[in-house]
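Let me begin by presenting the structure, written as structure tokens, before commenting on it.
As written, the chains take the letters A, B, C and D, and residue 1 is the first residue of each chain.
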Amino acid sequence: MPTSVGWVWLVVVLPFLGFLANGLISLVKPQAKSAVSFIGVGVLVAAFAVAVAVVAGLSQDQQGAPYVLTYWSWMTVGGLEIAAALQVDQLSAVMLIVVTGVSALIHVFSVGYMRDDPGYPRYFAFLNLFVFFMVLLVLGASFPVMFVGWEGVGLCSYLLIGFWYLDKVNADAGKKAFLMNRIGDFGFLIAMFLIFQATGSLAFTEVFEAAPEAFTINGEIITLITWALLRGGAGKSAQIPLYTWLPDAMAGPTPVSALIHAATMVTAGVYLVARSNILFAMAPVSSVVVATVGAVTALFAATIALKQWDIKKVLAYSTVSQLGYMFLGVGVGAYAGGIFHLVTHAFFKALLFLGSGSVIFALHRAYHATHSHDDAQDMRNMGGMRKFMPWTFAVMWVATFAIAGIPGLSGFFSKDGILAVAFARGHDHPVFYLLWLMGVIAALLTAFYMTRLMLYTFHGPSRTGEGEQRHLAEAPWVMTGPLVVLALGSIFAGVLNLPHVLPNPGWLEHWLEPVTELSHRYWNEVHLAASTEWLLMAVATAIAVAGMAGAVIMLKPEKLKAAKEAPAETGIQKVLLKKWYVDEIYDALIVRPTVWMSRNVLWKFFDAGVIDGAMVNGSAWTARAVGFVGSAVQTGRLAWYLLVFVIGTLVLLRAVM
Amino acid sequence: MTEFLGNIGYNNWVLDALLVIPLVGALAVLSVPAGEAKKVALGVTLVEFLVSVPLWWTFQIGTAAMQFQHAYPWIPGWGIYYRVGIDGISLLMVLLTTLTMPLAVLGSWNYIKDKLCPYYALLLVLTTGMLGVFVALDLFMFYVLWEVMLIPMYFLIGVWGGPRRLYAAIKFFIYTFVGSLLMLVAILAIYYMVGDATGVYSFAYDHLLENIGAVGSWGFWLFGAFALAFAIKVPMFPFHTWLPDAHVEAPTAASVILAGILLKMGTYGFLRFALPFFPSEAMHPTVVTIVVGLAVIGIVYGALVAMVQPDFKKLVAYSSVSHLGFVMLGIWALTQASVAGAIIIMVSHGISTGALFFLAGMLSERRHTREIAAFGGLAKVVPGLAVVLTVVALSSIGLPGTNGFVGEFLVLIGSWGPYPWATAVAATGVIFAAAYLLWALQRIIYNKLDKPENEHLPDLSKREILVLAPLLACILWIGLYPKPLLDRIEASTEHLITTVQEQRASVAPTPGSEEQVP
Amino acid sequence: MDLLGSALAVSAIIFSLGVAGVLLRRNAIIVFMSIELMLNAVNLSFIALAQQLGPEGQVFVLFVMAVAAAEAVVGLAIIIAIYRHKQTVNLDKINLLSG
Amino acid sequence: MGMAIDVTTPGGFVLALLPELVLTCWMLVLLVAVAWRHRDEGDQQMAGQLALMGLVSTLLVVLWMWVKGAYPETLTGMIALDGFRYATSAIFLIGAILVVMLSLGYLGRERILVPEYYVLVMLAAIGMLFMASGADLIVIFLGLELMSMAIYVLAGIDRRSAFSAEAAVKYFLLGAFASGFFLYGIALLYGATGTTNLTQMHYQIVTLGLETNLMLLAGIGMLLIGFGFKVAAVPFHMWVPDVYDGAPTPITAYMAAAVKAAAFTALIRVLLHALGASDAVWMEIILWLSVITMIVGNLIALAQTHLKRMLAYSSIGHAGYILAALASGSERGAAAFLFYILAYTLMTLGSFAILAAVGTRGERDVRIDDLSGLASRRPWMALAMTVFMLSLLGFPGTAGFIGKWLVLSAVVSADQIVLAVLLVIASMVSAGYYLPVVMAMYMKSAPSEDAHSGSGLIGAARWVVGIAAVLLLLLGVWPNRVLDMAADGAEGLRPAPTRILTD
């Protein structure tokens, strides 16, 4: 084992130390901001450095086998052995770099973004804690250890969404995120139980090794397991039907949205599927379900993104949609493709969020200066921001091109990779053509709504109030710096996994080979003629251009009115703005009935009424009532006593004789 | 260290000392002025704790035999002895008790304002009672202590409790009394049946266990009597309605002890008596269906009802119903993992729920109400308390890395094999748990700080930190490294499982059991 | 029917009459007299039985007579006591204590 | 081996009846004394102390005989000389002693200036002693009547109270009525077996095969009715609440404890000793009596608001428990009875003593709620009352529990599990009225500042309460010695048929 791989525990421990230190500061001396920044960012940079060293060590290694580093025995009972162990392999390496790298950048950005917030130390403590759990998630060597990270990131997400907890909306959103995640985690748990029952282990290496013998292809058990895992992944990665928490999660500080709800945590579901690729490969039906869920989500979320006015909500639905792509990717067996999109998405979506954060930051400061209470996130209050924020404006366009799929940028390659495989699978079953088509339409919508976002935000006249405009300014360098780095990533990350028709293709695919090869024999080889591949790329380009052009032609930023003066939406527009009323439907069908039933039926009627009232107090009351009757029979009249006596006598004598 | 302990004969007197120290302490507390009572009580419970701590190391891992065992005649004419001894399961319960008691005293420090001497004396008497139940190896002694414990608790609730304390106290008493009296009849019946069969009339646990075959066809009734007594104590749905009332009205320390230790006596009773004595009855398909069904219903029902409680303590009380459902499920699944998990939950529920009750007490000490709606935005005012409350709530939710997860996970994964459907339903408990606790958390420490009374509350005092810190440490310790605990209970659980399965096979081979072999 | 049988039957009848008197009358004195009637009915049985079974029964009768005399003393005294309070010996009116 | 007594010799006869004779002498002395000195409170105290001396010396005699292990040389005497007699006699005398101690202050407080009171207490005690020692139905009948008549008078001893007088009338008329049945029962048994001697009766039943003889059965039934009345078995219990309620409290305690114990003693001796061969008949009856007595007593007690009536009904419930012990038809049951009745005597006397102390303005009117706040005003009194209540409830740690444990043991060992279950269910119900007493004392605050200011234990009553409470706790934790004594006392009570036959 390369020496540096052995350092991997540092990547886990460093953020945790940061959390402890910052947590302590937040309780003891909250005004020590510079120390907080130093610790918070420092541990991340250090963790990133160690991560690079670990991956470098791994890359020099020729064995290709995963390294499992066991630290202590966690739960050992009977046949169950779960160790506190980390696993370093090609897949976790990729994730490690992305997580620590993007996190480090976002930490830096946060130094600027959050500098005036009274909860500054707490913020960094939570952010550090998040990185700790995220690293644990990607490094965990078994399902339960991964689950620790899995739930941990959910917790941090909860804490950070509700960061401004004094506002009920934020606290609600955090709770909703945690609960939705938990619903998914239920699936994760069930999957673990099934896996343990079938293979007798929960460690990745052992499970995957045992899988070919333990399961039959398309068997009942494996299908159940993968369904359950999918449920877990869908919760974490905001797929239908558990996606509604993610848009609400925008209630948290914007860097949090960028880090947790775009770049890292929400991709955990994709990671989970990729990690368990052999299980999914052995359950083709589940894979199709994964792909379908992904494609439908991609399309569905994109439609909602079309009509959102809140800049972060647009990005949130965009994230849901892009996550759908990743699911589509891993669902069609393009595990490397899914991970690839995960990586590129981490760059450009983080960039978009941070960019929007930068805009919001500027607007917020302006409103703060004029004591206005207008919504700093509503695009109708923006417009013409390019004048004030040139850097932000530039990098946001880069990201928009990337996500829209303009050739040469990272998003083009990653999205195309997934769609190409989906198309190729059409050979096996026509349903994949349909999925491909949905992906393409979603891509069209993506290009459209992203352009819409850019147009309304940066172009046209400024709809920000006159007074406020004086206060609008570009963000400080601690914020723009990370943006630039991410922009570079968004542009160039594509080279990681170029299509086969280009030179140096498929580097990431090759790198992940040791992890994904397990599943190779269950999937048909993907065959795409070079011409088809070129054709698909052309289609993708056309779609992207069409979407963007359509937006430019159809939308008139100059005619838009500020939020306060805007007319109410009607018809399908309103339905889209209200997100197809999914939240309301969930609320009416699940949440309210559950609470109502719990309160009125279970508690007040059954618990207090039937059990406690009728049975417990009822029996006490009955006994007492009988007692009162008996007491009333005791009339005090001797004649009656004598009568009872004689009746007793007769009965007794009858019994004796 | 071990040498020193050997020299002073630690193993020979430790259990007796644990039972005697609190009683002596109680007399001492009664004889000092009121102001000193709590200090004396704290001292006594600390001594008690220190005396118990070496058990952790002197306890021999890897054997299921009762350790530190010895007996003195009590009513020898009736085969009644003072017989004590512990195995891994009792060890954890004993240590949980001795750990909880000093905290309970500390937690009552300012909360209890009048009749101090009797209060602390009762706490100490209660300690003896609880420890006695966990170490007794004589059914008569077990029964006596099981009942005697009711009295201090009855007074603690009834004298120092909340507004509806009278109702809660008598309900608690009669509920428990109902179950335990039938158990008394069952104990006597076993005594005579075994005595008639063997000629040796004795209440010794071992003796009765060995010859339990003598009860013959009465097994079901006897099991039923034991099961009812324990089920009420657990409390299993639908015998749980004493719990919310008792919890809500009891003073903080009593709630902590109730939740932390008293409830465990029910599950302990199942592990120690009901299952080993009546394996074939307990594992009869009908009984299994009922118990597992009630356990699962309890999990979901407790959680749902907890969700809508306006009173924080009541919420925690119903959450106990839910958690103890997991324990029952784990015990009945009868696999290594599930039983070990059940025992871990017994310990960790004691810690987490204990901590929650402490926190509820601290909140109501500050605001003189337990209504969740009376709070809001406290994280801003009392950040320390908010942090602790969050951590404890998360442990109660079963967040991985905390004690709650280890137990629930082991129970569920162990129960999956025998009862997949029930386990699946039980696993939804993790969702509901998150629902009720996070909602409560939100309404207490988050949301708008809109009540003026809440604006100037003091944060945790040093004493309160002292109460909570050990619990927090345990939460993380058991969450991250439960191996020492698991090691200590492994032999006992294994023994339990094999005994039950062997006896079940030998006593009454049911047609169903052969089918289950593959 | 032999003599013993008839004596026992008469005794049983008298005893029943006594019980009936106790049940039906409300005057304490008369009730008490009915009780005395019961005792004497039993005495009749004793005497009849003693004829066959030996002297124990006759001895018993003497004791019963003594007891009955004592009982009459105590009983009448008690009835007088209640009469002082209530100015009546109607048992239906003597029901301060009930419930 | 103990001391053999030949009752056929005058000396032996005197020895056999020594306790009764001693007590009778004391009673006569006292009677003479109060004939001369009956004017003021001082005279009354003197009478009480004399009575106390008489009872204590009799107790010593009984214990002496027990320790000596006096036994009869011939088996068929009229006087029993066995452990059961000594044990029960001792318990009656303890009861009587405690009652006298209780009365010393009570009579003065209630202004009942009747020194003959103590004579009557002693007379009743003599009756009880005869009931314990009677090995012949004649002796038992005489003892019963002697005891009853003394108690009739005692119930009405408070001449100024209409309640007292009413209690006396009710008790007297019903008691005399029941005596009629009792006597008829004896006549029938005599008719069936030709004897009134218990041992001979057993012999006759076994040798003549009279187990199901109609006359015998009728006799058993009548006898059970007579005893059922005295022990307050439902449905012959109707007098109990009213009489207990109306009688002066020490006398109520006396009736609840010693009188009932004496009736049980005679009943057990008759059933086990004489009618053991017909146990199939009476066990069934006793079982049913036990069940309805427990249930009715406990349920009605639940509805009571006044302490005195509650205790009265509770004593019916306890009669049910003791009947359950009898229903086992074994010496184990008799041993259980012995222990139980001792514990019961202590706790009943204790709780009535507290009632008397609290009820300075009339015990009849003391509601359970009137005890509110007693714990803070009279902590020791409240503590003692708690012990009594818990003991009555049969809670572990008190003698009441050991007693109930023994009863249950007897029942279970006789394979009457259903009865055992009913018994514990009845006990559960009883928690519903014993606990509120504790609750009122400790958990409710006093209604007014001066509540309980007048209440307090007077003089010797303090000792009664103290001794009872301590003994109850002691016997609850360390009952060994008394258990042995109870087992010893019950031994040989039920003669084995073979032993009689070979005699």
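Keep in mind that, in the parts below, a residue touches a chain if its C-beta (ideal position, glycine included) is under 8 Å from a C-beta of that chain, and two chains touch if they have at least 3 such contacts.
Note that the structure is predicted; figures quoted are calculated from it, not measured.
Novice: Among all chains, which one's averaged Cα position is nearest the averaged Cα position of every protein chain shown?
Specialist: Closest chain centre to the overall C-alpha centroid: B.
Novice: Weigh C-D against A-C on C-beta contact pairs and write down the one with more.
Specialist: Taking the two pairs in turn, the one with more contacts turns out to be C-D.
Novice: As a test of understanding: of all chains, whose mean C-alpha position lies farthest from that of chain D?
Specialist: Farthest chain from chain D, going by C-alpha centroids: A.
Novice: What is the distance in Å between the mean C-alpha positions of chain C and chain D?
Specialist: Comparing mean C-alpha positions, chain D is 26 Å from chain C.
Novice: Using mean C-alpha positions as chain centres, tell me how far chain A is from chain C in Å, no decimals.
Specialist: So the centroids are 97 Å from each other.
Novice: How many angstrom lie between the CA centroids of chain B and chain C, rounded to a whole number?
Specialist: Between these chains, centre-to-centre, one finds 65 Å.
Novice: Could you give the separation in Å between the centres of chain B and chain D, each centre being the mean of its C-alpha atoms?
Specialist: 43
Novice: Identify all positions of chain A at which a residue touches two or more other chains, and write them in rising order.
Specialist: 620, 631, 634, 636, 638, 642
Novice: For chain B, which residues are shared contacts with two or more other chains?
Specialist: Where chain B meets two or more other chains at a single residue, that happens at 174.
Novice: Scan chain C for residues touching two or more other chains and write them down.
Specialist: 19, 22, 91, 94-99
Novice: Under the stated touch criterion, can you name all the chain pairs that qualify?
Specialist: Those chain pairs which touch are A-B, A-C, A-D, B-D, C-D.
Novice: What residues on chain B touch chain A, complex-wise?
Specialist: 171, 174-175, 238, 240-242, 301, 304-305, 307-309, 335-337, 340-341, 377, 379-380, 383-384, 387, 394, 399-401, 405-406, 409-410, 412-414, 416-417, 420, 423-424, 427-428, 430-431, 434-435, 438-439, 442, 445-449, 480-483, 486, 490, 493-494
Novice: Provide the residue numbers of chain A that touch chain D in the complex, in ascending order.
Specialist: 620, 623-624, 626-628, 630-631, 634, 636, 638, 640-642, 644-645, 647-649, 651-653, 655-657
Novice: Which chain A residues qualify as touching chain B in the complex?
Specialist: Residues in contact with chain B: 23, 26-27, 72-80, 84, 144, 147-148, 150-152, 155, 158, 162, 165-168, 170-172, 174-175, 178-179, 182-183, 185-186, 189-190, 192-194, 196-197, 594-595, 597-599, 602-603, 607, 611-612, 615-616, 620.
Novice: Considering only the defined contacts, which chain C positions touch chain D in the complex?
Specialist: Touching chain D from chain C are residues 8, 15, 18-19, 22, 28, 31-32, 35, 38-39, 41-42, 45-46, 49, 52-54, 56-57, 59-60, 63-64, 67, 70-71, 74-75, 77-79, 81-82, 84-86, 91, 94-99.
Novice: Under the stated contact criterion, what part of chain B meets chain D in this complex?
Specialist: Per the touch definition, chain B meets chain D at residues 75-78, 143-145, 147-148, 151, 154-155, 158-159, 165-166, 169-170, 173-174, 177-178, 181-182, 184-185, 188-189, 191-192, 218, 221.
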